[in-house]
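In the two complexes below, chain A is the common chain; its partner is chain B in one and chain C in the other.
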Partner chain A sequence: MNIRLNRRGFIQGGLAASAAATVSLAGTTQAATFEGYPDSMGVLVDLSRCVGCRSCEAACNQEQHLPAPEKPFNDFSVFDEMLHGQKRRTDETRYTVVNRYEIPGREHPLYRKIQCNHCQEPACLTSCFVNAYTKTPEGAVIYNPDVCVGCRTCMVACPFYIPTFRYSSAFHPRIMKCVFCYDTRLTKGRPPACVESCPQEALTFGRRTDLLDMARQRIRENPGAYENHIYGEHEAGGTAWMYISPAPFAQVGFDTTVPKEPILNYVKDFLSIVPMVLTIWPALFAGFHLLAKRKETREQQTKNEGEV
Partner chain B sequence: MKCNPKSVIVTAVLMLAWVLSPERPSLAVDEFNALEIVTIDSLADLYQPVKFQHKWHTKMARCKDCHHHTTGQQDMEPNCFRCHAQSRETSRVACKDCHSKKQFYPEQVTARDNPNLYHIDKPGLKGAYHLNCIPCHIKKNAPSHCEGCHALTEKGKQFFQVQSKEKNKAAAPKESHAH
Partner chain C sequence: MNIFSKSTPEIPIATPCKPDGSVWSIKEKLWLGLSRQQYQDQFLRNPVNWLLIAIFAIGVPLILQRYFAGLGSITHASDDYPWGLFLGFGLFGMVPLSASGFLLGTTVEIFGRKDFIPIERLALLNGLLGYFFAVVYLEIDLGMPWRLYYPMFVSLGPAAVLFLVAWHVATYLSVQVAEVSTAYFEWIGWLKGKRFIKSIAVGLTISGIILSTLHQGALGALFTYAPTKIHPLWISTNFQWVHFFCSAIFAGLSMVIVASTLCKNFLTWRCDRRFLDSVDELTLGLGKGCAYALITYLVIKVVGIAHDNDWAHLLTGWGKYFLLEMALAVILPMVLFAYGVKHQKVNMVRWAALISVLGIVWNRLNTSMICFNWQLYREIPHWKEVWVTVTIFALYFIVYRFILYRLPILYQWQGDK
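Up next, the complex of A and B:
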């Protein structure tokens, strides 16, 4: 079928289409505020209870079949380790790490466990353009190495600096991070390995809504024993792993500047116009190009005819 | 067997009187007849059982510090007192009678659906032991590291990868040379 399209019609149509796309996409971004899956699970970390025994690190290593550590898990000299002026952090050999913090005015140090916080609206997931990440209804943020292209954008996107890259393997590079023991435990109704190994119940596993109740009860029933804040209730739009602490969170290594809304919100408006730019613009400008060319060819034709 | 209805009634009345009597003999033990040693082995796996010097600890702590209201001591936390002021000693006073060995499994998670449940944050058995022992040990400068109370089993040594120290010692000279 041969449809003759004049220039005015094409431009009008193209502009109308792009305007419509912009408006409709902007509309959906307003409505998409995700409050988290109902009955999703989480962990409440009570810093007042942790004694730095490193059982959670050992349990994680065993459960996730990670390589043997440099020092055994009952060696506490690791708390003095510093790398580039920073305390130990997660890497390709460890999904979780406990660090010690000396707090001025406190007789005993505090210990803080770090691992993936399993955000309600994960920045890693948002940033991944091949959808390697999934937030499961159980609450875990899991990762699919089969589709990952190794761009490491998720490492930049994570506000908690958790995903790490397996640099040691040139042929099987992949992101290494805590997956909440998703396939081995979470889907089977079992608590994560670190939680089950904790002697002090510094880690409490349960439905996120129940954990918030428990955290508030602990804060309320032990006046002065905790900071009146649950880190992770709102940080980065809410996380499955949450913390209560007897000392100000900044003194125990927490980033208190993490925004209280999902990282996604900062890029939603921009990202929503990307499909429009990628689909409509090529057609539109290709059209302009063809129209301009058509005029040229017609001129050329008339010129040729004149010569003849 | 013949059963005299009169004697049945008398027995029932006597039993009821005994149950309601405020001066009935104590069911639970007090610090003077406390068990000498309690072997805590129900969770022993990565660590060996603990031979807990039970009677010796009654010199440091009151019964209620560990047994809450179950030994009948009335001096309690104001928060517990609200409900347990009239609580009597119970026949079962072991930690595991109230604190479950399994913790955070679906049955414990869904137990919180009961709107009448007050103790929404009751530790499991392992948590109950450690949360009771360690803070006091830290305060009194008693051993508060893991192996201060219970030695690692072979399985525990594997779990903590104790052998990796020796392995690394063997590899250490090479590494230090490289640096």
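Up next, the complex of A and C:
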């Protein structure tokens, strides 16, 4: 892994250097990697505070005008629901879901809320071939159903299994996913509905940089109470929604294999060969053609000479 | 009627003029010179057509169901498995099998191997139809099929791999239409058009190579968006595009062998002596190419495992499945190709080609469905999804056969060329 990263870093550095050298007029050089908008907002989820009341689910349902659920939001039997051996996940009727996890050695279960993590460099956005996704300076990853073709690559690309598709509709299918309450709240400086509804202050809304400080402070000031890791600080290149947990993250349903760099980095190898193939192939194969033709004409000539 | 029996040697309508000197009309050419009754009789006599009718009788209503009740009504595609059989087979499986067009184009036009000319048009047609039907499968699978052109004209996301796939498939389709159009121009008797295409053949072929390299690779690169979801043995993010490109080479060549074998045996009346006399030798030539591509592919697969240090995975159940795929879909056809070519055993090469065609489809299904979400659960396609996939394939078969019956693909057009 390290070798590969170093090499990529080397290549990027080299490219940046040569770009800087050639475009000497450019006043500032662009950073090779995007580290997120400086003042973007985020949410810190403290799993030690969540009691699984599902108020956030209810608030989201109302705020986003989603269809009424099969079971009411005060029905806690949903925590036992399993489909294909998996706990509940987001789908076309719910942007956020809380699941319960029994942790061996712990008296009380832990609850984990899932929703779009609003990545700094979102895989859904970078994989979309019609630019249906936008990462706003406020930190939200929003979706435009008017240009979406319904190819569902974003769902394949999302390492957190968040975007869902309205498979039930023939004429108005679309991607359904949490948008951070962008148009109704975030643009007005207000926290998303789920955060506002949380009675336990398990969710904290704020600038992402401030939230990171707060998370570190909580971990530092409560020795032994938290895992020394902020999930989302680096996962998938960093996310706006971040988690701290008293139990190992893998035991609370987090995918700990999600890379610590943007998903796009895995695609760059291919993207970088595209211009090379476009420019080198014509010369190469025209060359082969000329070589083959030369041999042919030579043979023709010798044949003709032989006849004479 | 007699034209559909193997016993009569003459090829129907291979010339612009009838035996009595008058010109065949397009309508007569379309009906193969038969009366409506005769055509109907030969159609109903063929048991394959009855099978096709049975497939369509159920498949067409299912397709209508998809368009009026939504994708969810006929597939098991889900939020965890966004891509099912339509893309797993129709796009990821059909496209490598259609690499034949650019491969034979390169062999003949660029490398100057004129001895492959008798089979070149079959390979070009195979490529064109494979791509076209990959798009048809896409139109079944896309959520909003009526927005197919959006990535071209409405909202562009040029940094996405799928953007490259879309543009390359679209441009390559046009290139292939141009390449195959020479046969069509001969058939309708518009020689000016044919001469024009001939004059730009080298350019067309080179653009075909570029576009093929990039989007065969791009189909592999699409999976690099899901580095954690696909089992590490089936994804090597640095090399995925080369793996897909290299495997498309033997897949495309094998598909030409399979198609030419079918034509030789079941469409003999449409083949001329030039095709029938050279097909065995050309099969050996193509088989040689397959063997080279397969050994290369095997080595770069091992390089991929070594580079990502995935050796430990080989000892797991997934590893055994991977080794099974390598043994049956790569090493077995490779050995058969090599042995068959060395000892001039044409039928062995043909079996090897069939195995490698099925093997590549298996590999693509493994990558896109079976080993996708390897840490979650397996998705079993809905029977309706399977049926619609078969229906589209049947349509592909019908169009393929329709064109082979008529255009000078397997035979040379007599008269002015």
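Just so we're on the same page, the second predicted complex is superposed on the first by the 239 of 308 C-alpha atoms of A that agree within 3 Å, B and C clash if a C-alpha of one lies under 4 Å from a C-alpha of the other, contacts with A are read in each partner's own complex, and residues count from 1 in each chain.
Following the convention adopted for this analysis, a residue touches a chain if its C-beta (ideal position, glycine included) is under 8 Å from a C-beta of that chain, and two chains touch if they have at least 3 such contacts.
These numbers come from a predicted model, not from an experiment.
A.B. asks: Could you say whether A:Asp269 touches chain B, chain C, both of them, or neither, answering first, second, both or neither?
C.D. replies: Touch status of A:Asp269: second partner only.
A.B. asks: Which partner does A:Phe129 reach: the first (chain B), the second (chain C), both, or neither?
C.D. replies: In the superposition, A:Phe129 touches chain C alone.
A.B. asks: For A:Ala68, is the partner it touches chain B (first), chain C (second), both, or none of the two (neither)?
C.D. replies: first
A.B. asks: Just to be sure I read the superposition right, which of the two partners does A:Thr164 touch: chain B = first, chain C = second, or both, or neither?
C.D. replies: second
A.B. asks: Which one hits more chain A residues, chain B or chain C?
C.D. replies: After superposing on chain A, more of chain A is contacted by C.
A.B. asks: Touching A:Cys148 in the superposition: chain B (first), chain C (second), both, neither?
C.D. replies: Only chain C; A:Cys148 stays clear of chain B.
A.B. asks: On the A-aligned overlay, A:Arg190 touches which partner chain: chain B = first, chain C = second, or both, or neither?
C.D. replies: The answer is first: A:Arg190 touches chain B but not chain C.
A.B. asks: Spell out the residues on chain C that touch chain A in their complex, using ranges where they run on.
C.D. replies: Residues of chain C touching chain A: 66-73, 75, 77-80, 82-83, 106, 109-112, 142-145, 147-148, 150-151, 154-157, 159-166, 202, 205-206, 209-210, 213-214, 217-218, 220-222, 224-229, 237-238, 240-241, 376-377.
A.B. asks: Under the stated contact criterion, what part of chain A meets chain C in this complex?
C.D. replies: Spelled out, the residues of chain A in touch with chain C are 4, 84-86, 89-92, 123, 126-132, 147-153, 155-157, 159, 161, 163-170, 173-174, 255, 257-259, 263, 266-267, 269-271, 273-274, 277-278, 281-282, 285-286, 288-289, 292-293, 295-296.
A.B. asks: Mind listing the chain A positions that touch chain B in their complex?
C.D. replies: Spelled out, the residues of chain A in touch with chain B are 49, 51, 53-54, 58-59, 61-62, 68-75, 108, 189-191, 195-196, 198-201, 204-207, 210, 213-214, 217-218, 221.
A.B. asks: Applying the document's contact rule, which stretches of chain B touch chain A when the two form their complex?
C.D. replies: 79, 103-106, 109, 112, 120-121, 123-124, 126-127, 129-131, 134, 138, 144-147, 152, 159-165, 167-168
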